[in-house]
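Common to both upcoming complexes is chain A, partnered first by chain B, then by chain C.
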Partner chain A sequence: MSDLSKVRHEMLPDLPPPENTTGPIGWMRRHLFSSVTNTVLTLFTLYILYILLVPTIDWAFLKADWFGETRDACTSGGACWVFVTTRFSQFLYGFYPEDLTWRIDLAFILLAVQLAWLMIPKLPYKGIVSVLVLFVYPIVAFYLLYGGSFGLDVVETHKWGGLSLTLVLAVIGIVAALPFGVLLALGRRSEMPIVKSFCVVYIELWRGVPLITVLFMASVMLPLFVPAEVTFDKLLRALIGIVMFQSAYMAEVVRGGLQAIPKGQYEAAQALGLNYWKMMGLVVLPQALKLMIPGIVNTFIALFKDTSLVLIIGLFDLLAIVQAGLTDPKWLGYSVEGYAFVAFMFWIFCFGMSKYSQHLERHFHTGHGSR
Partner chain B sequence: MQDADKTPSSSLPEQKTRFWHDPAKRALVFQILLVLVVLGFVGMIVQNTLNNLESRGITTGFDFLSQQAGFGITQTLIEYTESSSYGRTFVVGLLNTILVSALGVIVATILGFLIGVARLSNNWLVAKVASAYVEIFRNIPLLLQIFFWYFAVLQALPSPRKSIEIWDTFYLNVRGFYMPQPLPQEGFDLVWIALLIAVVASYVLIRWNKKRQDATGQRFPAYWVSLGMILGLPLLAFLASGSPLVWEQPVLKGFNFRGGMAILPELAALWVALSIYTAAFIAEIVRSGIEAVSKGQTEAASALGLSNGKVLRLVVIPQAVRVIIPPLTSQYLNLIKNSSLATAIGYPDLVSVFAGTTLNQTGQAIEVIFMTMLVYLTLSLLVSAFMNWFNSKMALVER
Partner chain C sequence: MSNTRQLDDTIMVEMRGVNKWYGQFHVLKDVNLEVRKGERIVICGPSGSGKSTTIRCINRLEEHQKGDIVVADTVLNNDLKNIETIRREVGMVFQHFNLFPHLTVLENCALAPIWVRKTPRAEAEEIAMKYLRRVRIEEQALKYPGQLSGGQQQRVAIARSLCMNPQVMLFDEPTSALDPEMIKEVLDVMIELAEEGMTMLCVTHEMGFAKTVADRVIFMDKGQIIEENVPDAFFNNPQSERTQAFLSQILNH
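The block that comes next holds the complex of A and B.
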C-alpha cells in the first residue's frame, strides 16, 4: 500500500519531439535522406543539377553580354544576348513599318484589357464584355492591324511577323474555331443520323492527320478549289487551314462540356416547352461553356505552340523570324541564344495559361456538377 | 430528345400535326437539305478544281507513281536509287516515318514512366526535378525543340576528320553517329530459328505457369526462365554454328566515313526531341493514373504483408494501367503525327519526301496530299485499334 505514495497526481508536460525530426534537419531526413536509396538518389540528382545548372547560369547571366550594336560587343565568352536585343522589335513586330507598330500595341492592349476583365471574377458586366470581345473587337482589330479605313494605311500581311503574328494566328484560330466547334459538337450528339455521321467523319478526319499536312493542303490545294479569279492571301490560307483543323479539336472539348451537363437540365428545359435551339442556347450551353473553359485554354496552348509550324509554309512567326535572323551572315553561330529567347517567350505564355487553366479546374471542381 | 416530342403525335394519331411541327419530318427535311448543300459544295469544289487543273495543264490520276523519281534520299530502309519510281519514294518515306515513330514511342514511354513515377517520389528533390522537366518541356513548341537539337547541338559537332571517338569503334560527328554494322554470314539463320523457338517456348511456359498458379497456387519463376531461354538459346545456336557474324567497321575515307551503320543527325534530332517532348506528357498521364488508384488499395496491400515493390507491381500498376491507356494512346497518335515535323530539318519522312519533293516535282497536289493524309489516318486507326484491344484485355473483368 505504501507504494501508492509514488503515484503522481499531475500530468508531466509533453517532451519536445526528438531534435532530428523537427525543423530543417527533420525535414531533410524525411524528404531527402530517409533511406540509403533516397540518399543516393538525392546526391546523384544534386550532382546532375550541379553539372547542368552551374555552367548554364554562368553562360546565360554571369558571363553574358547584353547590349551593343554588332557581334563585336560579345567579348566575354558567355551568351551573346546582343543578337536578341538588337533585333527585339523585329522579333515582336516582324517587318511591320516601324512608325505604325503602335497599332499592333493598341490592338493587343485592348485584347489584354478585355481578357483581364473577363478573367478577374469580381468585375461586373461580364456579358457585355464578352460580346465586345467576340463581335466588336475582331472588327476593330482588323482595321488596326490591316488598315484600309478610318485613315489607317494598309499594311500587307506579308509584312506581318514575329510574336504578333504568332498571337494573331493563335487568337483568330481559337476564336473562329469556337462557333464551328459548338456546331460540330451539337451535330455529333444529334439524333439525326446523317448530321451525326457528317460531324463524326469531319472531326475524326481532321484529328487523324497532322497539322502540317493540313497547312500544306491549305497552301497548295486551296487555290485549286476556288475559281481562278479568286486569290487568297498566304496568311488567310494558313488561317483557313488552322480553323478547319482546330474546330475538330474544339468540337471534342465542347462535347466534353455538353456531356457533363446532367440529363435533368435537358429534360427540365424541354418540360418548359423550349425548342432545341432555345434549350441549347439558354440552358445547356451557358452551363457547359463554363465547364469548357479549362479545356478551351488547353486547346489554345496546344494551338499556340503549333502556330510555329507556319514557318514551313513560309510565314514569319516568332520562331521563323528568329530562324531567319540566325542565317544572317553577321550573326552566324548564335543559334542557342536565338532558340533560348524563343523558348522563353513561348514558355512564359504557355506556362501562364496552363497555370490559369489548372486554377480554373480547381475552381470549378468545388462546385456541384457531375464531372 | 426527339423521342420525347414524338410521343404525343404517335399516341394521338387523329390529331393532324402540321408538317413543320413534327420533329421527325423536320429532321428529315433538314438532313436532306444538308446533304444537298454538302453535295453542292463538293460539286463546286470539284468543278473549280477540274477547271483550274485544265488551265494549268496538270493531268489527274495516279500514273505519276510509276514515273522515275530522279532524286536521292539520305536514309532508305529498302533499296532505293535515283532511278526508282515515285511509288517507291512513297514507301521509303512511309518506312522512315514508321521508324522514327516507333523509336520515339519506345523511348518516350520509358522516359515518361520514369519521370511520372519520379514526380510521386517521396524524395522531395527528385519530385521537384521531375515536375520541372514536365513544365519546361511541354510548354515549348516541339518544332523549336527539334531545331534546337538539330541546329544548335548536332550541327555544332566536329567535322568527320575530327570526330569524337569512343573506344575507336563509335564515331560522332556532324554527319551522324557511326557504329559497326553486324553482317550475318552463312548459317546465321539458325540463330533466328533458335530465337523463334525460345519465344514460342516462353509463351507456352508463361501460359502454363499462370494456369498452374490459378489452379494450385504454386509458383514457378517463369519470367526468369523465359528471359534465360530468349537470351540463351540464340547464343547457343550462335556459338554452335561457329559465330557466323562479321562486324563491319566504319572507316574514314576522304571527307566522310564509309561502311558501318550510321544514325543521321536528322534522325537523332527528331528522335530526341519527339521522345523528350512526348515523355513530358506521358509523365503527367502516368502520375495521374497512379494517383487515381485509391490509397486504400495501397494500404490493403501493405496490410496483407506485400513488400513495397510487390504493392506497386501487383496492386497499383495493374489498376493504374487502365486509367493510363486511353490518354497514352492519344499521346502515341500525337507522336506519330508530330513526326511529320521532320520535313523542317530534312529527315526523309513521308511528308518530306512525298508531300514535299514529290509534290514539287510532279505538281500532283491533290493525289499526293490525299495519299499522305490517308496514310496518317490509317496509322491512327491501326494504333487506336491495337490500343483498344490492349485496353479491353487489361480492363476489369467484373463478376
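The block that comes next holds the complex of A and C.
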C-alpha cells in the first residue's frame, strides 16, 4: 500500500514558457515556417503577392495622374484619376444645383456628428442625442435636402444623385428596416394567429421576390394602379420598396436571434411580473440584438450595396452617375478607374460598418453564457 | 424549529381540483393544495411526477386546464391583469438561476422594482443592495452574472425575487444544478428566509432541508399527490408504498 502513496509537500513555481514560442519570431515559426511544406507555401505566397501587388500599386499610385482638366493630363501611363477628380462633385452630389450643395454637406455633417457622439463611449447625454437623431434629425434633413420651407428652395428628387443619393437610400433603408424587422419577427413568433399569419405571409412574400422586381413594380406598375392625378415621387417609391423588402430580411435575422434566447429568460422575466413588451424590451431583445449584430450588419451591408440597383429605374446613385460619366465621349476608355473608384467608395462604408460591428460585439461581451 | 407552529389562518395559495394536460398527456391529476400564510412546504417525488409543473401553475408559467387556483385572494384565470397581480406577489427561483446575463447583479435585482413596481431608480437600487446584503453577496453587485459561481448566482436570483417583496416564494429545484460545495450556501439563505416567516413552496431533493424547515412534506408521483404529512411522520412512518419506495431510494445511498 505504502508504495502507492504519493504526497506533494511543496507547490511548483510558475515558470516562463520556453523561448522561441512567444513574440513575433515564435509566431512566425509556429504559423509560417513550421514545416518544409509550410515554408515553401509561405515563400510561394509572398512571391504571388509580389507579382500582383507591385504593378497594382505602380498603376494606382506611383504612375497615376491625379489632377487636370481633360484626358490630355493623363500622360504617365498609370491610372487616370483625373476622370474622377474633375467630376468629383458630380459623383458626390449628382445634379443637385451647385450653389446649394452646402445643404447636402450640412445634412451629412450633422448626421456624422450625431453618430460619432453615439459611438464614442465616453460622451454623455446619449439618450437625448438618440432622440435627436431618430426624431428631430429626419425632419431637419428633409428640409435641408428637399427644401420647400424656411426659405430653402425646393430641389426635386430627380436632381439628387451620386454618393449623397446612395447614402440617403442606405441610411433611410437601414434606420427603417430594423424596427419593422423587429416587429415582424415578434409578430411571427406571436401566439395570436392573425398577427402571426400576417407576418409570415408578409415575410415570405417579400423575401420570395428579387429586389429588382420590387423596384420595377414600385416605379412602373404602381402608377398604373393609382389614379392618374395621384403621383408619388419616384425616389419615395423606391425607398418604400427597399424598406419593405429589407425589413422582411431583417425580420428573419431578428427571429434567429430571438430563438437563441433560452426559455428560462422569458420565464424569469414573467415570474418577476414584467409584461410582454417590458419582457421583450428589457430582457429578451437586448440579449438577442447582441447575438444578432453580425447578422444585422451583414444585412445592412447587403442593403447598402443593393441601393445601386435603383439605377435600373432611372435614379442616379453613385454607380449610375459614374457609369453615365463613362459614356461621355471625352472620357471613353477610363472605365477601370471609374469602377475602381465606385468599388473603393462602397468598400469604405461597408468596411466601416463591419469594423464598428466588431467593436460593438466586444463592447457587449459580459462574460460567458446566457442563462 | 418546531413542526407544529401556530400558523396564520390566512390561505395564501389554494389549488382545487387542478388538472393539466400536455396534448393528450395528463400531467396533473386533481391536485388539491392549501398553503397558509407563513407555511413552508416541500414537494418531492421522482422526476416527471409533476412537482415542478404544480408550482409553475401557481404563477402561470404553465396553464392549467381544469380546476381553480387562488393566490393571495386573486383568482388565477386568463385575465392578464390577474396574472400580473399574482406574479408581482409570487417570487420564483429556478433550477438554472435564469439571471439576465446582459445586466449587472444590481441591475438584475433593481429591474422589476423599477419597471413593475414603478419604484424610483435610486430607491430600487437601495432595496436591491439591502437584499444582496442579506444573501451576503453585496460586494459582487457590479459584476455580471457570468462572472459569479453557481451558488453566488442562485443567491442573487433569490435576492432578485425578494426585491419585489413577494408574499409567496416558489423554489423549483434551487440546488439541483449546483456543485456539491455550493449547495449549503444556498440552503442557508433559504433557511434564513424560512425563519423570517416567508411562505415557501420548495420542490427539492434536499431531504435534510425538508426535515428541518418544512411544515409539511408533499410526495407526488404520476401527476398526483400521493401523501402529505408533517416531516416527522412523513420520513419515519410513510403510509403509501410508493412513498416508502421513493424514500428508501433517496435516503439509502
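Simple rule for what comes next: the second predicted complex is superposed on the first by the 287 of 371 C-alpha atoms of A that agree within 3 Å, B and C clash if a C-alpha of one lies under 4 Å from a C-alpha of the other, contacts with A are read in each partner's own complex, and residues count from 1 in each chain.
Assume contacts are C-beta pairs under 8 Å (C-beta built on N, C-alpha and C of every residue); 3 or more make two chains touch, one makes a residue touch a chain.
Nothing here was measured: the structure is a model prediction, and the numbers come from that model.
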Message: Contacts for A:L46 in the overlay, against chain B (first) and chain C (second): which applies, first, second, both or neither?
response: first
Message: Applying the document's definition of touch, where does A:V136 land relative to chain B and chain C: first, second, both, or neither?
response: neither
Field: If touched residues of chain A are counted for chain B and for chain C, the larger one
entry: B
- request: Name the contact category of A:I57: first (chain B only), second (chain C only), both, or neither.
  value: neither
Task: Could you look at A:G208 and tell me whether it touches chain B, chain C, both or neither (first, second, both, neither)?
output: first
- request: Answer with first, second, both or neither: which of chain B and chain C does A:G273 touch in the superposed model?
  value: second
Task: Figure out whether A:V113 sits in contact with chain B (first) or chain C (second), or with both, or with neither.
output: neither
- prompt: Which of the two partners, first being chain B and second being chain C, lies in contact with A:V336: first, second, both, or neither?
  reply: first
Task: Could you say whether A:V283 touches chain B, chain C, both of them, or neither, answering first, second, both or neither?
output: second
Statement: On chain A, the footprints of chain B and chain C overlap at residues 267, 270
Field: Contact set on chain C toward chain A in their complex
entry: 59-61, 80, 84, 87-88, 90-92, 94, 96-102, 111-112, 115-116, 144-147, 153, 157, 160-161, 164
- request: Using the touch rule from the top, collect the residues of chain A that touch chain B in their complex.
  value: 31-32, 34, 38, 41-42, 45-46, 49, 191-195, 198, 205, 207-213, 216-217, 220-221, 223-228, 266-267, 270, 276, 301, 305-306, 308-309, 311-312, 319, 323, 326, 335-336, 339, 342-343, 346-347, 350-351, 354
Field: Touching residues (chain side chain B, partner chain A) in the complex
entry: 1-2, 4-5, 27, 30-31, 34-35, 38, 45, 48-49, 51-53, 55, 121-126, 129, 135-136, 138-144, 147-148, 151-152, 333, 337-338, 340-341, 343-344, 351, 355, 359, 365-366, 369, 372-373, 376-377, 380-381
- line: Note: in the complex, chain A contacts chain C through residues 262, 264-265, 267-275, 278, 282-283, 286-287, 290, 364, 366-371
